[in-house]
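Across the two complexes that follow, subunit A remains constant while its partner is subunit B and subsequently subunit C.
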Partner chain A sequence: MTITFRNETFRDDFTFRNSLYNIRRFPFPFDRDEYMYSVNMEPHVRGKKDSVFENLIDVDEHYVAEMLDRALVLKEDPLRCQALPHMMAAQWDTLELLMEHQAQDYSEHFTLTKNGDRWRWINRPMGIDDTFTFGDPSTLPYPPMEYITRQAQGDFCIVDQRDNNLWMDAGMVTTQADWSLDFDIGMNFMEWHGPVPLAHQIGVFDRALKFLLNLQQGKPTRRLNWTMTVNPRLDTSPENYHKWGPDRATVTPENVGEKMHLRVELQSLWRLPRSNAILFVIRCYLISFNELVTVPKWGRRLPRVLKSLPPEIVDYKGLTRNRPIMLDWLEKYDDGSPTSPGIFPD
Partner chain B sequence: MSLNTDMPVRVAAVTPVTDLVKRFRFERMDGHPMPFFSGGAHVVVSMNDNGILRRNPYSLMSNPDDSSGFEISVLRVPNSRGGSIFMHEQVRPGDQLTVSQPVNLFAPDHRGRKHILFAGGIGITPFIAMMEQFSRDNIAFELHYAIRSRSHGAYWQQLLERYGPRRIKIYVDEENTFIPVAEIADNQPLGTHLYVCGPAGMIDGVLLTALRAGWPKENLHSERFLAPPAGLPFQVFLETSNIHMTVGEHQSILEAAEAHGCDAPYMCRGGACGQCETEVLSCDGTLQHNDIYLSDEERASGKKIMICVSRFKGQKLVLQL
Partner chain C sequence: MLVAGIKSRPEYKGLDVDAHAKRHLFVLEGEGAQALIDQVGAKGRDFLAKSEILYLAAAAAPKAYDVALSALSPDVFWHAPTLQPLLFRLRACLDLARMGTRLYIAGTEGFIGQIMQVAMEYGIDYHSIHTEHRGSAARRVQCVHCKGITDNVTTSPFACTHCGLPLLVRDHYSRRLGAFQGVNIDAEEPGTAPAPEEMFP
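Moving on, here comes the complex of A and B:
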């Protein structure tokens, strides 16, 4: 399938929009009318055609614009991409995984040719054609993880496994929901999840860690996470809070449909073969409320979920200020009819 | 329920290494490359022994970067439960077996500046793949390998030739040479990691010596080959599957469940990984924990059992499975 890549921005004039096709493939994260934390993991296997689950590494119409935005973030703040020295094997694992998936599932846009250790990588949308030696970082213009994650949508963390724990030892993080790689680098699983409310008390992270320590090669797993973002801004980092934090005060009943975006992360986790590390892909999808309510099921369900949120979660996700405005606006789209189970549009 | 990623393989070669050790090479039936793996990883080999399903874990000893095939070495264990005897007596080149994806519960710490490996007997196998990796990445290592006799020891000559006597030290019981563990553990640079694989007594001895010499436990790594111990037969009821079953003398609960068609989760089948942790719903008797996974508190609670190696003595055991 040939994708038509959009020319759009995620900052300043915010020209980001979803096409009609892309709206219907949005990974709406709520499979029922109320919300609670759980270890909501499922096998990361191919799903419905024309959904974000169709391919395991999803490339969509925002690819080129997202890569441009990433380059801008890195130019201002190179520490968004870091790797501790012992992660080199895992960097190559990551490069191999992303190149293979993109080339296999989007062959019109990407081509990978291997001749022993001599690899040729063609990325047509970005005009890249490089030949390099797998395993030799000096043959690439950037270290392997940075090279490939400048060409792949989503944030990427590579976690090392040792001492029965997972360690955030490398990553490319420019589209994050208010967390910082520079702050978390070197932390273990319990440390970097420290700020999350409620979930610790019900043992979610103990169970999730046990599960991930046993993550097997060839059996990636996924979950969806979500928050809300004012304006379609990818880089909502703590480093740039001064730029996006004040946006929250700009939401009015008149502009909420256009300004407020549901932000969904499709998180997938992969055991890497050569390093035994785990690749954690955090792929961010944005959809404005205006776009979202064009799917009647989602328009009915979202206000119901928002109403059922515990106060700690409203606070943690930064929704306290604008929840009343969102609810007032969204409830116009809830006619009280029952909704079908699952996340997909009817 | 669980996604099946096991690979049907053809036995490409069977090579006698010593009187008691054979090496097996597996290649995929579907012509696809084998997955890459990391040194220290094992696979579970499934065998059909005249209608009895046997699944044994074996360390991968081939080059982790070689995706043309996997190699394992199998020690023939005289009083074995059947797996090693089957591999030695029945398996021929051209036969079909099933091999799991690689799982690594004995991975090198990539931060290590130097790696010291202690092997006893067949415990050499995971280190063969690890040393390939260290040598590829130009990382300092040394191997201390104890064998019973020069004729019974596997691969010691090849390793000496490949890596040289400065990195490979061989100790032979018959010649009264033993690994000077205390001396080696006593004086190592910061950032050194120590690994041991072999008989239980050797593992305990090496770890204790290193701890006494002041090593942090994070720098000590071991892999035990725990075969499910035999014991008296007992009755188990699997509540979710609604199966009443008898676990035989030489069978584990996991094996009995599989024989009854219950698709229970597992990974290492050696009491180490935690994947087969199962909830005990009621227990009229005593749980015999043989794993190295559950904590003392978890054992004391009587609510959990690792069904790949642990047993039960008493009237009735009900499991959530």
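Moving on, here comes the complex of A and C:
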């Protein structure tokens, strides 16, 4: 299928919008009317046609605009992309995985041709046609992870596995929900999750770590995570919090439908073949409340979920200030009818 | 005492002189001198002949721990005037260090963090380093916005000494940076930062 890429922005004038097609395929993260942390992992296998699960590395109408936004972030702050020296094999693994998936599932847009170690990569939407030697970083204009993740939607962390733990040792992080790669790089699984409330106590991270240490090659896994963002801003980094924080004070009952966005991360985890590291893809999807309530099931469910949240989660996700305005507005779309199980529209 | 339960902060389990080490390198700051003196009390003086002590008096200068440490007659005792030459000397020690050398660090948290950074550059596994917190609970904090580091922060919020933003000190610690994370506290409504509160005396 040929995708029509939108010309839009995630900053300043915020012209980002979802097409009707894209609204229907949004990964709504709530499969029931309440929410609590859990190890909500499932096999990352192909799902319904016209959903974000149709292909395992999803490319959508926002691709080109997201890559332009990433390039802007990196110009301002090169520390958003870092890799510790022992991660080079994992960088090549990552390049291979992303090129193969994009070329296989979006052949109109991407082509990968291999002639031994001599590879040719064509990215038509971005006007790239490069030939390079796999395994030789000097033949690419950037180190391999940076090269390919400037051409793939989502944030990417590569975690090394040693001492029965996972270590955040490389990443490209420009569309994050308020965490800093520069601060967290080199930390182990428990350390980088340190600030998350409640989940440590109920054993979520112990179980998740045990599960991930046993992740097998060819059997990726996934989960959804979510928060809310005022304006369709991809770069909600702590580095720039003093720049985007004031947005939170601009929400009113009149503009909440347009300004407030549900931000969903489709996180997928892949065992890498050469390095035995894990590629952690954190793909961010944004949808405004106005767009979201066009799906009646989601309009009913979201206010119910928001109402049931424990206060620690409200605080951690930065929802405290605007929750009353959100609830007042959303509750108009809840007629009290029961909702069907699962995340997909009826 | 330091607050417990911060997952990303190293545990400072205390100096415990390793009887099997071929050489002991003690890097001590301020009240950290007492941690070594206590070990001599508990374990006897035998290890001192194989010990090198680098000491920075810092805030504890009036207590003259340097006299007490020197009087222990270790193989080497060196008294640093400030942190910078101490780090320089430490690098020289680690350049020459042999297999079987055990590293011990005691003092304030910011000091421990900076010494561990150097040790990790030299490939020492941080698990193998003995550390003991002594003295003030002041924190070393990195501003997440400008990346500038401020030493000896005792309040939250505090004004970043580099960019001036009022920063909340989070309970999130980076071993790589040897610092806690500071995040602008009044980003949503600039000018509304609460008064600094003494949190880390």
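Basically, the second predicted complex is superposed on the first by the 346 of 346 C-alpha atoms of A that agree within 3 Å, B and C clash if a C-alpha of one lies under 4 Å from a C-alpha of the other, contacts with A are read in each partner's own complex, and residues count from 1 in each chain.
Operating definition for what follows: a contact is a pair of C-beta atoms (placed from the backbone, for glycine too) under 8 Å apart; a residue touches a chain by one contact, two chains touch by 3 or more.
Given the structure is predicted, the values throughout are model-derived calculations rather than measurements.
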item	value
Contacts of A:217 with subunit B and subunit C, given as first, second, both or neither	first
Touching partner for A:114 - first (subunit B), second (subunit C), both, neither	neither
Touched partner set for A:248, first subunit B, second subunit C, both or neither	second
Contacts of A:124 with subunit B and subunit C, given as first, second, both or neither	neither
Subunit B versus subunit C as contact partner of A:238, first or second or both or neither	second
Dominant toucher of subunit A (residue count), subunit B or subunit C	C
Contacts of A:275 with subunit B and subunit C, given as first, second, both or neither	first
Residue numbers on subunit A that touch subunit C, as the complex places them	79, 180, 182-187, 190-195, 200, 238-242, 244-246, 248-249, 321
Of subunit C, residues touching subunit A in the complex	6-8, 142, 144-145, 147, 165, 170-177, 181, 183-184, 187-190
Subunit A partner contacts - residues on subunit B that touch it in the complex	3, 5, 35-38, 40-41, 64-65, 101-104, 107, 109-111, 137, 218, 267, 273-275
Subunit B-facing residues of subunit A, complex	43, 45, 86-87, 89, 160-163, 210, 213-214, 216-219, 273-276
